[in-house]
Amino acid sequence: MHASTPRRLEEIATHVGGELVGDAGLLISGLNGLVEAGPGDISFYGNPRYRRQYEATRASAVLVTQDAEPRDGVSLVRVSNPHLAFAKLSSLFHPRPSYTVGLRPGAHVHPEARVHPEATVMAGATVERHATVGARAVLFPGVYVGEGAGIGEDSLLYPNVTVREHCQVGARVILHASCVVGADGFGFAFNPEGERGPEHFKVPQVGIVRIEDDVEVGACTTIDRATIGETIIGRGSKIDNLVQIAHNVKVGPMSLICAQAGVSGSVELGTGVVLAGQVGLVGHIRVGDMAKVGAQSGVTQDVEAGQVVSGTPAMPHQEWLRMSVALGRVSDLLKEVRTLRRRVEMLEKKEKGG
Amino acid sequence: MHASTPRRLEEIATHVGGELVGDAGLLISGLNGLVEAGPGDISFYGNPRYRRQYEATRASAVLVTQDAEPRDGVSLVRVSNPHLAFAKLSSLFHPRPSYTVGLRPGAHVHPEARVHPEATVMAGATVERHATVGARAVLFPGVYVGEGAGIGEDSLLYPNVTVREHCQVGARVILHASCVVGADGFGFAFNPEGERGPEHFKVPQVGIVRIEDDVEVGACTTIDRATIGETIIGRGSKIDNLVQIAHNVKVGPMSLICAQAGVSGSVELGTGVVLAGQVGLVGHIRVGDMAKVGAQSGVTQDVEAGQVVSGTPAMPHQEWLRMSVALGRVSDLLKEVRTLRRRVEMLEKKEKGG
Amino acid sequence: MHASTPRRLEEIATHVGGELVGDAGLLISGLNGLVEAGPGDISFYGNPRYRRQYEATRASAVLVTQDAEPRDGVSLVRVSNPHLAFAKLSSLFHPRPSYTVGLRPGAHVHPEARVHPEATVMAGATVERHATVGARAVLFPGVYVGEGAGIGEDSLLYPNVTVREHCQVGARVILHASCVVGADGFGFAFNPEGERGPEHFKVPQVGIVRIEDDVEVGACTTIDRATIGETIIGRGSKIDNLVQIAHNVKVGPMSLICAQAGVSGSVELGTGVVLAGQVGLVGHIRVGDMAKVGAQSGVTQDVEAGQVVSGTPAMPHQEWLRMSVALGRVSDLLKEVRTLRRRVEMLEKKEKGG
């Protein structure tokens, strides 16, 4: 996609802290998967599952673990984690593009906003009164930064992102297109005697969202502001597309939340929690550090640190696997029990008669 | 968040129609939860589940029910519904911000649109031909109001909201950021002999969406226009984030639809229906007044008024609870039946032999 | 909604290639459902389920199959597929609106972008450097077309759509409001020794999204760019609202993906696949041509061509139906087995005692 200067394999090995086995002067001009790679490309092989593809790859070089077998005509770079090394290398070959710095014509920046002179605000982006935008932050067209909101250094806000008033976004944060930070939480109190009859009286949502450093938030993901206080996304956590984070949720640092998961109000996730796709959590529960929740699960109570749970309602993953297998046999079980009943009846008859 | 003038407890009690027990002249400057509140704050205590927090709160005053025990050094305001009273009080302390009225530079308003002089249209918002915008309505940057669409008085359209052509939005409606009102319904007719081979021929979606007064629609929620006629969201209903409402759906008044729920085409929800998070409804069914659907359920047939259903396919909630417990025992059941079979075989053998 | 010229029934029959039974000169001025239609309207009747509505309709004419019974005072047009004929007719009555051609004031088009003179770029839309926009394409306000991206002829991009850099969109494609094409895939490599401590190191997502001709993508749907290579949506496929398509997914031609479904990374869907609403697919699996997945299912392994699967984990639909029925009986089964055990114990006791 981006043209990039070829680099010597030697330089590459140094960059990833790996041990070179092969042609130090080999020129590498691109990166690709084992199947797609061709001459001049480097690939990676970290999982024995892909052994065949490793054996057949046309890549000139491959990042491998210490124990991978050598291959004729393929240079190797041995590292402890080939996937990570590949990611680092890809970053080297595809540096973040540079953006023209400053306020572009067509940007709507309030005179009382404070935008760092090295930030980029593109045409059609809006920065409201008392908002701050840090150095090297980039606001694409259609981005909205509300009154008093803050965007940290080096953060990237893709088109049509909304950050509502007073919400705080840290440094090196990436907000993908059309995600919404700080919409009102879903809170109402039933009022049988409203001015115009019964109503769901809106509970004002006067808190904020705080997104710590190095967080990434997916496209069309919604993170609601707290009723009072803060909804928090902890340092280094990554959230995929179309995720719902309700008011007053606290996501601990280094967590991963996959697409279309939903986290209800006041839930607390610990450090390094993983929620797989389409998971749902009821409100006011706590998921402990390093816990994992399987795809599509419905979590209805606290999950202890380190636990792996699945199913609706969620249970320990091993139990869920056992249950899933068992469920597949329920039709057979019904028949079996019917047969057993007849046999027992027969025995009883004979016993009586005998 | 917003600084607000302190108010005497007397005034507060009057505002919520409550009975003051304590210091009438006490100055209250903020609201907070029982745990977070400190001196000068008022909190609320309505659910005995939070008794301990009530007993430990540092709030100066608490909104309580008639039967709550008094606490030394804490002034009380007795009301019938502390949560509702708290919400009303929060509205008093945090009034809706005021917006500069009129068309801001950078707003794109068609000369044949009719925008009330007291409405606010911010830079980067668009109002197309023949569209109308009522008094005190506020259109944030990136809002799109299509040709012939209507936005009622006092409605609030947050950034990047889309209201497509001819859709009608009532008064006091809140549309959260990036929600989409009036995209085409998902309707196709398979055509084996299209111009360019087999195709899914698009069924034109020429109806509209009608959103009645006092509705709230969450961020990134999508409400599709009718194929012909109207998709309707009834008066006072509240819809959370990332919800899908398909073409020709009718949502009755005062319903609550939680995040990531999906309602298929031509479904009718009655009055005061509650759909919990991640629920899915198949098309063309009816959910009666005041019915409730539990989280992640899949509803495949009509639900009677007042019923509470759960599970996929959805069943009465009590039945689902019973079934959920039973399912957890299926592995044991398999073993038990295997043992029983052996015991029966043994008996049969003896019976024969005997 | 749109006024349209009345047409003679004769002309209508010709347009849909049907056989006219009734008044050739009858003037038809609108289309509607059997229930809603009145004098001057044409409706359609293709499914015997709606027989009663056909018998009671007040429509002046009805599109019917060859074997439908005639009705007094109602003209008929006999066709092989009434729904398709209705869709074609609706297209005739409601042609695509025409848009003023060219760059409107307030559009942000880079001088090195190539926009066809017959394309429409509305105020507040952005076209970046080296991007191309084809003839008769329409970009609504808030649309973003990134650097080097391409939009084909006759494509329609509704408000606030984002097409990120280098992604390619074919001809006659419809992208609904706030959908996001080409956000970064969700890829990280755990790095225990980052510059600032442990981190999820971002794997650069340097591939693109390719959307082939005649595709439709729903509102707030997200289609992520490939890590390397291409995420592909095949010709003529239709995707509903709030769907997640992860990096490197290949969707074959003519597939249908319903609202809120989620497709994980590197999945391949064949031709004419149907995913119902809220379905989830794990990564790296293949769903064969013409396969169908039932609503809310969780697919964890390959699905063969032509198969119909349901449930979580997904299984053949018939099996799932049988299992669903069986599950409803598990509570009874528990009781039954308890009774059986007692009866067997009794028999054993007697046998011993006897």
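Labels for the chains are A, B and C, by order of writing; each one numbers its residues from 1.
Here is the rule we go by: contacts are C-beta pairs under 8 Å (C-beta built on N, C-alpha and C of every residue); 3 or more make two chains touch, one makes a residue touch a chain.
Bear in mind the structure is a predicted one, so any value in this text is a computation, not a measurement.
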If you walk touching chains, what's the least steps from subunit A to subunit C?
1
For the two copies subunit C and subunit B, is the contact made of the same residues on each side, with over half of the numbers shared, or of different residues?
different
Where subunit B and subunit C are represented by their mean Cα positions, the distance between them in whole Å
25
Can you pull out the residues of subunit A that are in contact with at least two other chains?
106, 124, 142, 160, 178, 220, 242, 260, 278, 327, 330, 333, 337, 340, 344, 347, 351
Give the list of subunit C residues in touch with subunit A in this complex.
106, 108, 124, 126, 142, 144, 160, 162, 164, 166, 178, 180, 183-184, 186-191, 196, 198-204, 206-208, 220-222, 224, 228-229, 242, 244, 246, 260, 262, 264, 278, 280, 282, 298, 312-313, 315, 322-323, 326-327, 329-330, 333, 336-337, 340, 343-344, 347, 350-351
Taking the touch rule as given, give the residues of subunit C at its contact with subunit B in the complex, in rising order.
1-2, 31-33, 36, 81, 83-84, 86-88, 90-91, 94, 106, 122-124, 140-142, 158-160, 174, 176-178, 213-214, 216, 218-220, 236, 238, 240-242, 254, 256, 258-260, 277-278, 295-296, 324, 327-328, 330-331, 333-334, 337, 340-341, 344, 347-348, 351
